[in-house]
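What follows is a set of structures to go through.
Here chain A shows up in two complexes: once beside chain B, once beside chain C.
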Partner chain A sequence: MAKWFAKPPSAAPLSEADRAARAKLRVGIPKVLNVWTTHQFWLGFFQALRLSPRNLVFSSDTSDAQMREYGSGRGTVDCCYPVKCVSGHYGELIFGQKRRIDILFSPMIHSLSSFMDGHVMESLACPRVMAAPENIKAGFLRERDVFAENRIAHVAPLVTLAEPKLVPRQLFDALKAVVPGLSIEETARAVEAGFATLAAFTDDLRARSRDILEWCAREGRPCIMVLARPYHMDSGIGHEIEADLQACGYPILWSQYFPTDPDLLDWIFRADLAEGLIRHPFDIDDVWPSSYSANTNEILWGAKVAARVPWITCAIRLGSYECGMDQPTFTPVQQIVERSGTLFFSFQELDSTKPAGSVKIRVETIAYYLECNSPGVMEAKLRHMDGPGPLQTARASAESPG
Partner chain B sequence: MKFAGIDVGSTTVKAVVTEGGEVLWRDYQRHNTRQAEKVLEFLERMEADCGLTAGEDPVFLTGSGAGLMAPMLGGKLVQEVVAVAAAVEKLHPDVRFVSEIGGEDMKTIFFTESGEGTSKQVYMQSACSGGTGTFIEKTARKLRIAPEDLAAMPYEGMSLHKVSSKCGIFAETDANTLLKGGVPVDEIIASLFEAVVYQNLATLTKGNTPLPEVLLLGGPNLFFRGLQQAWRHHLANLWHDRGISLPEGRSVEDCILVPEDALYYAALGCVEIGRGEAEGIGRFTGTGKLRWWIDEGQHEAKAKEGGKALARGADDIRRFEAEYSAADASRPATTKPVSVEATDPAPLFIGCDFGSTTAKAVVMAADGEMRFSTYVQSRGNPIEDAKSLFRDIRAGGVEDVAGLALTGYGKDLLKDILGADVGVVETVAHAKSALDIFPQADVICDVGGTDVKIMILRQGTVADFRLNSQCSSGNGAFLQGVAERYNVPLEDYAEKAFEAKSMPSLAMGCGVFLQSDIVNQQRKGWSAEEIMASLAAVLPMNVWIYAGQLQNLRAAGRHFVLQGGTHRNMAVVKAQVDFIKSRVPEAEVVIHPHSGEAGAIGAALCAREAWDPDLPSRFAGFARIEALNYRSTTSEHTVCTWCAVNCKRAFIDVEVTGAEGRAWSKVPLEPGWERVISGNSCPRGLVEDANEMRAVKAAMEEQRRVYPNLGEMVRETAFRRAVIRG
Partner chain C sequence: MNISAKHHFRTYAPAPVTKEQIEHVEILFGGLHWRAEQVLQAVFANMGYNARPLPPAIKDDLLRGRELADIGQCCPTSFTTGNLANFLQGEADRMGASEVSDRYIHVTAGSCGACRFGQYHQSYELALRNIGLDSFRMFLIDQKQPEQGTSAGGGLDINMPLTVGAVWGILCTDVLQGLEYRTRPYEVQAGQTDAVVAECVAYLAEVFRTRPYRGRKWGTVAWHMSTGYFIKALREVFRKFEAIEVDRIRVKPIVKITGEFYLQTVEGDPNYNIHRWLESEGAEVYPAAIAVWLDYLIRCQLQKIEDYVGVEKGARAKLAALKGAQRLFRWSYNRMRAALGDIPFEMPDQYELRRLAAPYFHHRLSGGEGDMLVGKALWAHHKKKAHMICELSPYGCMPNTMSVGAMAGVTGKYPELLYAPIEVKGDAEVHALSRCQMILTEAKKRAIREFVEVMERTGLTPEEAKPLLEARSQMNRATYRIPHTGLAAGMAANTLLHLAGARPARQAP
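So, the complex of A and B:
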């Protein structure tokens, strides 16, 4: 990180008037798409700008009711279901708040900061997902300017989170007109706070994942890895399918939050590194040479991890209807996971598999095979590993992973 | 000069003749799929009644049948939407939104002022019956409502119930369920009107707000008073929500127009466009060619357009039958009970499949041989069904039971009561039984009477499962309906269908339209067996592509197992085999030899798998099952309140040693008793009420606490205030 960035020059103190104005400023953020992986960045950023945490509101999880009440008739032509749903989130933030918001902040996230940066070509966001704010905004402008009518500023800056040095300028230009007394220096400091907050949050979840894995290793118990885009955590998009499996007695890991501790990764990828198949544990060149998309890269890497870690006896793949980014990855991900003997189940067209009856039957089906096959899968995968690893040697800390 | 405008629609023909802007003649009639005949009749009357003259006056045609007929008459074709828009602009310059609902399609037109004129944005839907006139009429017919009564039925003031707006056939099912639940017919119809308006607004506005004034066109909008009321209700709400002010001094009612001549707008629009055409365009050349078409041409065309038959000659059928003789086409619906040797020393396993309409049981020996099978039509009381099954099994000579497994929706209800060792989910049971007879199986396709299930197997597991429940196309109920219409017993369906030398090609898709397409083909002169053949031929497409959403059959695998009642029909099997082999030439397709019992067999296999000779089975025993003591309660406390259908459920409480009882229930149950819920029409009804839901949720919460989920942690913590770092 550049020196000036690590230690930004001190900003001019904020005037009383600006401070008071900011304390009242309400920002609504649609809880959609890549906000599902940058949440804490935005909270950290706005709080560092001295906005009150109480005034930072997210829309609720996606739901039919949300779409019906706030988004119907504002749809746009987009085949991506998670993008379509953004209309409902916009509507909820505009019409559904007890206290009006002043800013609808909907970042056009062009690239993401990924733990795989440096080992992949790029960490870009899906272009359709990035452009969603512009696309959805149109549904609120086509007849009358709904934002103006409700005195809400629609702020949708293009942000390149994979290039942190550019971010302060991007956010400053977008927010200077609506955040009183904002300076570029203050923005830079807030961006830094945002990144640090997100990193701390992610580190915490990675530690939780490691706890789960250590528990599994100690108890000889299986767990499940979800391979999906971050927004599949939205209960209205992913339908909490993984939570139904969790209720059957399996801890659930998500590839985004798999621990990245060197000791563990070295154990998992030792053979591949030794054979020269990869140059680094985060290298996915062996399976996915066109590594441009951050979410896709993390899914492919997750598939490799799921295939290798003995206690992950099953991977669940989630994908939304006709997702152009997911489409080419379905077969490689399936083959990577299945070749190791790990169970693999895919819900490829989530919005059309929604009928509860079919999901319930599928969950029961998966639970059945998990129960029957897990011991064999664990045993076979353990045999493949190069001796016991750091998970097995960890000290016992708790009765359950929870 | 006179101008004739003819709108040849999917159910009616509408026509006008004008002279100098005055309407001289007009009429509309249902054509009962004889479009050409009706148009001819109209033209003859126009000639006789108001002197329409060939070689002089122009004729303009629009609608679904116009493309065929315009050239025969010398007339000019006008696109439907263009025609309607022309009439609207002439007659109602202030209209900004038009909804035209037809028999089998729906359209919306938005008029936006732009510069000097208006620009038009059109949205159409004609692939699915949801939201069209057929959608309402079909259900009304089923409810035996006379057309006059339907027209007068109100929307205002009615309680509304949930009716599927997406699929006409499901709407009918919903309507049936509501009727069974005691909902008055006029409330069901009001709910249908609601569904139609909802579907139109949801799918055909695409982000535009219908602004006043609004014009409602087409038969359903004109004839059904309730539908007009539903539009007023929804548009008034929409305008209120979006802060749209009405023109000075006008009420909502004033701004939604339903012109008395709404039916004629397309025909009037034709004339309007025609008046702007150069002289000589569309000049009527007489009815000769149309008459020739009716008498000869259409039959020649039928012969030409017909697809090839189900089978390429007798040899093809012989080869097919030889290959699939194992799956005897004439085998009975369920195998008859086979007696078990009283001296049979091998351990016996029972597998039961408690489905929604039948309960089935098989007895299997340790070698996997099926020794006995029986079934009972469900009578709404699972305990009585179970008693009946086990009475049959015992009468069949079975005494010692080494293991019992249950599958089907009743498995969880009855597991403890019958003392089952295993409860198996349907997919697993089907996969087990398919893999048992066909170890390489990749795909199982189960086509029943009301649903389609596709299971894709990998690594010996059911890796993917498609259950078609959004749309009714592809299920077997149709074949049955059509066979009934032609008075052909279902067993003879295949024989009849194989007789056809050629067949019409039906379009894949919506079942409602398939029905009307059949009528259409019939009118064209296709015979019963030809239509039956074509229906079998289109079924694979509906099963795999339309309902199963499986475009790439090759990716699914190479070994296909067909099962389910509909595959007893060999005409369907032939079509399936040909379809699968056209997509996957190296495919192997087999029919499950006991397709009706596949679930029960799979369950028995699971019981055998779980068997430990050193441990006793949990099986309650024939005597205990026969003596099961139960009481049934039906009261206001057993009514299901999860949705507006309010199913009148029965609580069947069974005495089971060690059962927990339900102290929290409104119909309390003491320890030592177990409750089975029956009479519900959907799975939600299996949960008694909010009290039980809380109990279920609490157990799930505990499970979630013990087994964490990173996704859940994100949902719960990521959007809360941040602990600022840096």
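So, the complex of A and C:
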């Protein structure tokens, strides 16, 4: 009985008119910044609101052409390229669609839902990243209201994904005027659906990363860990450097999607835990006490993992020009990785233009170092580990005839 | 078991400072303007600590900071890192690295981001390592926690009497700074204001050094709120200003300083000495009070709680309690301002700033001055508090560039708002000042135009105003308050309006 009363009130049924209106609603989402690790949340959320998946439009990967054609003259301030290029994404969604969008949905993601929550101070987004929509919007309002001219509603809710309790109201307040018949109860359910979709997607990628690691352990092969921010997955920002390395035969892992299975983490951090250097495998206080930025925290944690897992013989650091969040972490990240004997290479100050020639030379150099040093690195790191870990156990099971 | 995890990298952890050691240790701090630093030194002394502010940061510090820490720093990081490193290096050359590590510790503000401000310590640590002072002890103080207990070893206790003393010291020097900046541009005898201010700061430092002890926690808070001790001291400061003769009919544009905390607060090389430069170019500077920043920090906390009202039990009560604390804070500032004749600049209402900024910048976007930067510009413009906004933003500052970008929407809607966003690199003075001068030229024209309009409105000319002012000798004193009418921003224009209000309007010929 008590449980029955505790149930959230159900939403009023959606009228036919509202249902039909929603089916036609087209939402454009700039594929930028932290949308790269939260896109599944937004897909799950909007689909739960009964918007058609075909009407959820993401902008293309970042490119020079996109910026030239759609974002030129819209910049309001000089800042890092991942934020600056958002103008091009806005422009593409406003001017570059065959079918006009009704809503340009550009969430100001204040904090992120991170697997490290509870073990770090906070999981905030970078101040530039969270404020980017306000900044980019100004470039489309400065001379005249481009959104109004194109009959597009610019919806940029501030969203605290690290505080899920607050999210329904944040999204309801922002969307109630543009999504017909929306109620707070329905928004709350859609938020739950969004988080569930995101979790399912992330779990799937983590499982794939574990498969890669088990394959490396089974075959005695090295792999590479990428330490970067979510938007470096954008081919126009990260310049597909990791893809070039993968083409040399080295599987790639991203720290954001490293498996978080307790058996694996216990094995990786067993000595640190036993010596009281950390309280939990996700604790990074021993290397980075200012743990308030979600993406920075995950990069530092990824560096610790790369330093310990034997088959990760190389870590690649990607950083964008003028990234103030990365700047103080350059030395700690490099130190964490290199002290363990793991190879470390960094591509800093990445900007709009892909330095194709220098990337090619560096990729060849990295591949050469990996070829020469990986066996020694793996052997040395294995010596520091506590017996056969779960990855090697998986290797043994895979090899056993039964 | 693993062989060991000892070979892995670990971050810097300061060695403890014991109660015995602290008696022989000198605490280094910095990052504020000289008035506040001198008074904070006295607050430390009052608590039994031997402290001293680091020397004012200079260009050499900028270069040293860039050399010693990771590339790509914002200029406040470079200045403060280099400042600490240069000072310690000098001392190490004199007495040896080991002696320096024994004799000094550094205390710096830390924060929970969201920008690099919360990570300054990383640059300091790297710089110290690079100059061979790995064992130097540095401690972070959380700027949002009034009570943080003792540091490792128990030597340094960040408790309520120390925090409240520091806040009251800042409030007192803020109002003093406000009075100073409203006086110096109009002083008749050049240099007189500076001399009086130096005397007043020394006097206030003594007042704080001999501050009575009133308990460890709420007793000390209650005493600071209710006592006349600091008000009496500020009245004495006011009496010292009485000696300064001023000529307020000088037409000067008022330039409001906004921007990143460090650059808007310090007065020196880090911001190209822009306060003094603006005055030398004929402006009256409206400085950025630290109290406004503290008020903003309280608002940020309130906003976080506001979001939980209706979501979590007890949020409403917490909100009411913190709102009460904010009112008491503002009341304390206004009480001090009143002790200086209400001449120092007022503290803008945070919720008015939020309302003004709302169409351009979300109030929950954290880092730097956030929406306050936008709100202050609009507040000064709409209420005729200043002719021009000079916004000091460090090159590479993450949050400030966002607020500045949002200002494009503001200037699009209010093209008449004179806004000079100055990107400060620390070593590009001519470029920055020439940019500022372009807008200042327009601000000067605007101040003159405003003055002419007031002359027409009141029928008073400067020549006619002079004898009227001479007849009321108290009006030529720094301690006379010219009311802000809301009709004009400039001091000269408001003086004419004030005089006109005191005499019958002239008949048309």
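By definition in this document, the second predicted complex is superposed on the first by the 383 of 402 C-alpha atoms of A that agree within 3 Å, B and C clash if a C-alpha of one lies under 4 Å from a C-alpha of the other, contacts with A are read in each partner's own complex, and residues count from 1 in each chain.
Just so we're on the same page, contacts are C-beta pairs under 8 Å (C-beta built on N, C-alpha and C of every residue); 3 or more make two chains touch, one makes a residue touch a chain.
Because the structure is predicted, anything quoted here is derived from the model rather than measured.
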item	value
Combined model on chain A: chain C and chain B, fit or clash	fit
Which superposed partner A:Ala48 touches (first chain B, second chain C, both, neither)	first
Touching partner for A:Gly139 - first (chain B), second (chain C), both, neither	both
Which of chain B and chain C A:Met108 touches, first, second, both or neither	second
Partner chain(s) touched by A:Met130 [first = chain B, second = chain C, both, neither]	second
Touching partner for A:Gln66 - first (chain B), second (chain C), both, neither	neither
Touched partner set for A:Ser374, first chain B, second chain C, both or neither	neither
Overlay on chain A, chain C to chain B nearest C-alpha distance, Å	5
Contact residues common to both interfaces of chain A (with chain B and with chain C)	76-77, 138-139, 142-143, 349
Complex contact set, residues of chain C against chain A	1-11, 70-74, 110, 112-116, 118-119, 121-123, 126, 307-308, 310-312, 360-362, 364-368, 396-399, 401-409, 411-412, 423
Chain A residues within the chain B interface of the complex	31, 36, 39-40, 43-44, 47-48, 53, 56, 58, 61, 72-77, 138-139, 142-143, 149, 192-193, 195-197, 199-201, 205, 208-209, 212, 226, 232-233, 235, 238, 240, 242-243, 246-254, 257, 338, 341, 343-346, 349, 352, 355-358, 360-362, 364-365, 368-369, 373, 400-402
Residue numbers on chain A that touch chain C, as the complex places them	76-79, 108, 110, 121-122, 124-128, 130-132, 134-139, 141-143, 156, 158, 160, 163, 165-166, 169, 270-272, 274-275, 277, 286-290, 292-293, 304, 307-308, 322-332, 335-336, 339-340, 349, 383-386
Chain A-facing residues of chain B, complex	201-202, 205-209, 211, 238, 243, 424-428, 458-459, 461-467, 469-470, 549, 683, 700, 703-715, 717-726
